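Think of it as A, B and C in the order they're written, each chain with its own count starting at 1.
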Amino acid sequence: MSAKESNPTTDVAAEPEAAVTAPPEAAGISAPDQAAGPAVTHPQQGEMPFAVVMGQAVTELPKDLYIPPRALEVFLEAFEGPLDLLLYLIRRQNLDILDIDVSEITAQYMRYVELMDAVQFELAGEYLLMAAMLAEIKSRMLLPRSTENDDSEEDPRAQLIRRLQEYERFKKAAEDIEAMPREERDIWVGNAKPPDLNRSRPEPDVDLRELLLALGEVMRRADKYEAHLIEREALSTRERMSDVLSALSGQQFVPFVSLFDVKEGRLGVVVTFLAIMELIKESLVEIVQTENYGPIHVKARTE
Amino acid sequence: MAESNLVQIVEGALLAADKPLSVAQLAGLFDEQERPDNSTIREALAEATARCEDRGFELQEVARGFRYQVRQSLSPWVSRLWQERPQKYSRALLETLALIAYKQPVTRGEIEEIRGVAVSSNIIKTLHEREWIRVVGHRDVPGRPAMYATTSQFLDYFNLKNLDQMPALAEIRDLETLTAELGFSEPQEEGAPDQASDSEDAAESLDLAVVGGTEHPSDESTTDN
Amino acid sequence: MAESNLVQIVEGALLAADKPLSVAQLAGLFDEQERPDNSTIREALAEATARCEDRGFELQEVARGFRYQVRQSLSPWVSRLWQERPQKYSRALLETLALIAYKQPVTRGEIEEIRGVAVSSNIIKTLHEREWIRVVGHRDVPGRPAMYATTSQFLDYFNLKNLDQMPALAEIRDLETLTAELGFSEPQEEGAPDQASDSEDAAESLDLAVVGGTEHPSDESTTDN
């Protein structure tokens, strides 16, 4: 609160940054962010840098970091994770991402993590992981630097910076996507009522293979009928049985001889004969001969 | 100029809307202070209508208001957008058809006995509509059930000269053996360069083998349609 | 005459369809014997485009094909047709979408690694339901996680023809040099004169960086695809 008051007066340079250090809510991407707006002003104002010296932000942290638990929750929910929070802390201090002061950032980050803990905010493991990583970097930077021959080991700070940069570019990409014109907001697709349709439903195609597979399947299922099914007669006989029945349908008596077509040759005659025999056997037709050596007639048993 | 802009707004709104828009609704798109009166909007609608001359769509007034619709004369082409993909026939239908082919003349009851489940009337109806089966008589048992047989259209569809070109039942019963056997002989026939040497290939060619499994002249039938 | 009829069919079909139509799909509206070739259809599309001059709508090509769209300049009026505010998307969803768009094919784990937080299943589900992403395979690592990529529906939704039209991804500043410069030197002791001297520059780049890149100068970014 006092920091807020003193802010404009202390340093003019701080003025433009005030806008710059606006929390991510300023981007106004998601609804919760908006909700966070007013609640958040308190903590962020409190830690606003009041001076920039040689590109380095000088920050006086407020004595009381107290944030009402609900507000804190909203505040933290405004962040998309530890990287986002870190970016925010860095930006708020007017620091270039390549030039972060690890110990300062670590201290601030830890303060937030402690706060989260204090209000029993369900602390995501990711935040703790980042805390541990920051602590490690900090401790390594305190150690005397061995000579440059340990190049093989990557500078953990560089690693952190890379992660921050990588995250930031996608954070930016997300904002770009949000800004892109899109359907239902900026773009309306034109449509007109279609004419009355003359629809034709095409018939499904069937492959002979499918038919055979289906038959194989049913036969496997109906194993007990196997004996019944597998008969020696050729399919042509069954086909001819159908033809004979067709020929008989609607007729009273049909002369036996008329069922044969000599043009089919010997084989055809045999097939027809077998078909009629089978029809008799299955009681589908009956044979009638009124007198000895008289003409034989065939009649369907049913029609 | 504002005039032309009004027509554009009317055109854009009508095209974007998913229902007809009334004059009042069109007026509602404007802020009060710049809202055109109804007669001005009607003029814009008339202009938009005139602009449809010789286009594939027209502006039509219906009960609820105005809408663009595609010219009825274009129906033959536009309808194709909704031409349904042919669905596949059910397994039950294929089994029924196969049994009719192999067991003809056969009644529905006999098919049901073999399949172990009822044959739905829809299947019989579909097969009739497709003109793949016909009734060749009625069995002389109670209920006088119809006996079904396949038709010449059925043969034509599968590119068969007669039913004898279908594989024998015994072959089908042993489909696995059949396909395995044929799977090995197939590469020769088709001149496929890679012999089904390893088991992987053999398994893959199984599908094909069934196609070839007919081994009859009817082979071609599997490739058409 | 037939020419003009073709343009009408194209116009009518595009307006009747509920999704963009490709040249091939337009060709599919015709019987084989009367089917125009692709270049003829493209001519018809060009003609249809020209006919939109000074109209409230225009013909636009997007990923899946062509569609009519209301001119964006009319958006202030046309948007009033809908009462509800357009849907907002959360930052988490947009960041996930951005990662999938720019790094595809990418697994959930890879997204989480960059974002530093878990990706909620709801986000993935929503993106699937919107048909903006699809699974294009599985990475050959333990658990075989799905790899996600964006769809053409995604491109259509954002009025794009292809991914190249997405805004360029910001550049990562060179780390090798950076690492060398940094060493483990404490920023406080920074005697580095060049760093201190151009504090002006530092402040400036800061501005840009902080704004989150919404104003990133394009020269800083690269075409990353």
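Everything below uses one rule, namely that contacts are C-beta pairs under 8 Å (C-beta built on N, C-alpha and C of every residue); 3 or more make two chains touch, one makes a residue touch a chain.
The structure presented is a predicted model; accordingly, all values stated were derived computationally and were not measured.
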Of all other chains, the one whose Cα centre sits farthest from chain A: B
Chain nearest the overall C-alpha centroid of the shown protein atoms: A
CA centroid of chain A to CA centroid of chain B, Å: 28
Between chain B and chain C, centroid-to-centroid distance (C-alpha), Å: 35
Separation of chain A from chain C, taking each centre as the mean of its C-alpha atoms, in whole Å: 17
Contacts with two or more other chains, residues of chain C listed in rising order: 12, 15-17, 57, 68, 70, 78
Sites on chain A at which at least two other chains make contact: 188-195
Contact footprint of chain C on chain B as seen in their complex: 4, 7-13, 15-17, 21, 25, 28-30, 51, 54-57, 68, 70-71, 74, 77-78, 80-81
Chain B contact footprint on chain A (complex, rising order): 188-222, 225-226, 229-231, 234-236, 238-239, 241-243, 245-246, 248-249, 283-284, 300-303
Touching residues on chain B, where the partner in the complex is chain A: 12, 15-16, 18, 57, 67-76, 78-79, 81-89, 91, 94-95, 97-99, 101-105, 113-116, 130, 134, 136-140, 144, 147, 149-150, 157-158, 162-164, 166-170, 172-173, 175, 210-211, 213-214, 218, 221-222, 225
Touching residues (chain side chain A, partner chain C) in the complex: 13, 16-17, 20-21, 24, 27, 29-33, 52, 54-56, 80-84, 91, 94-101, 124, 126, 130, 140-141, 145, 148, 154-155, 157-158, 161-163, 165-195
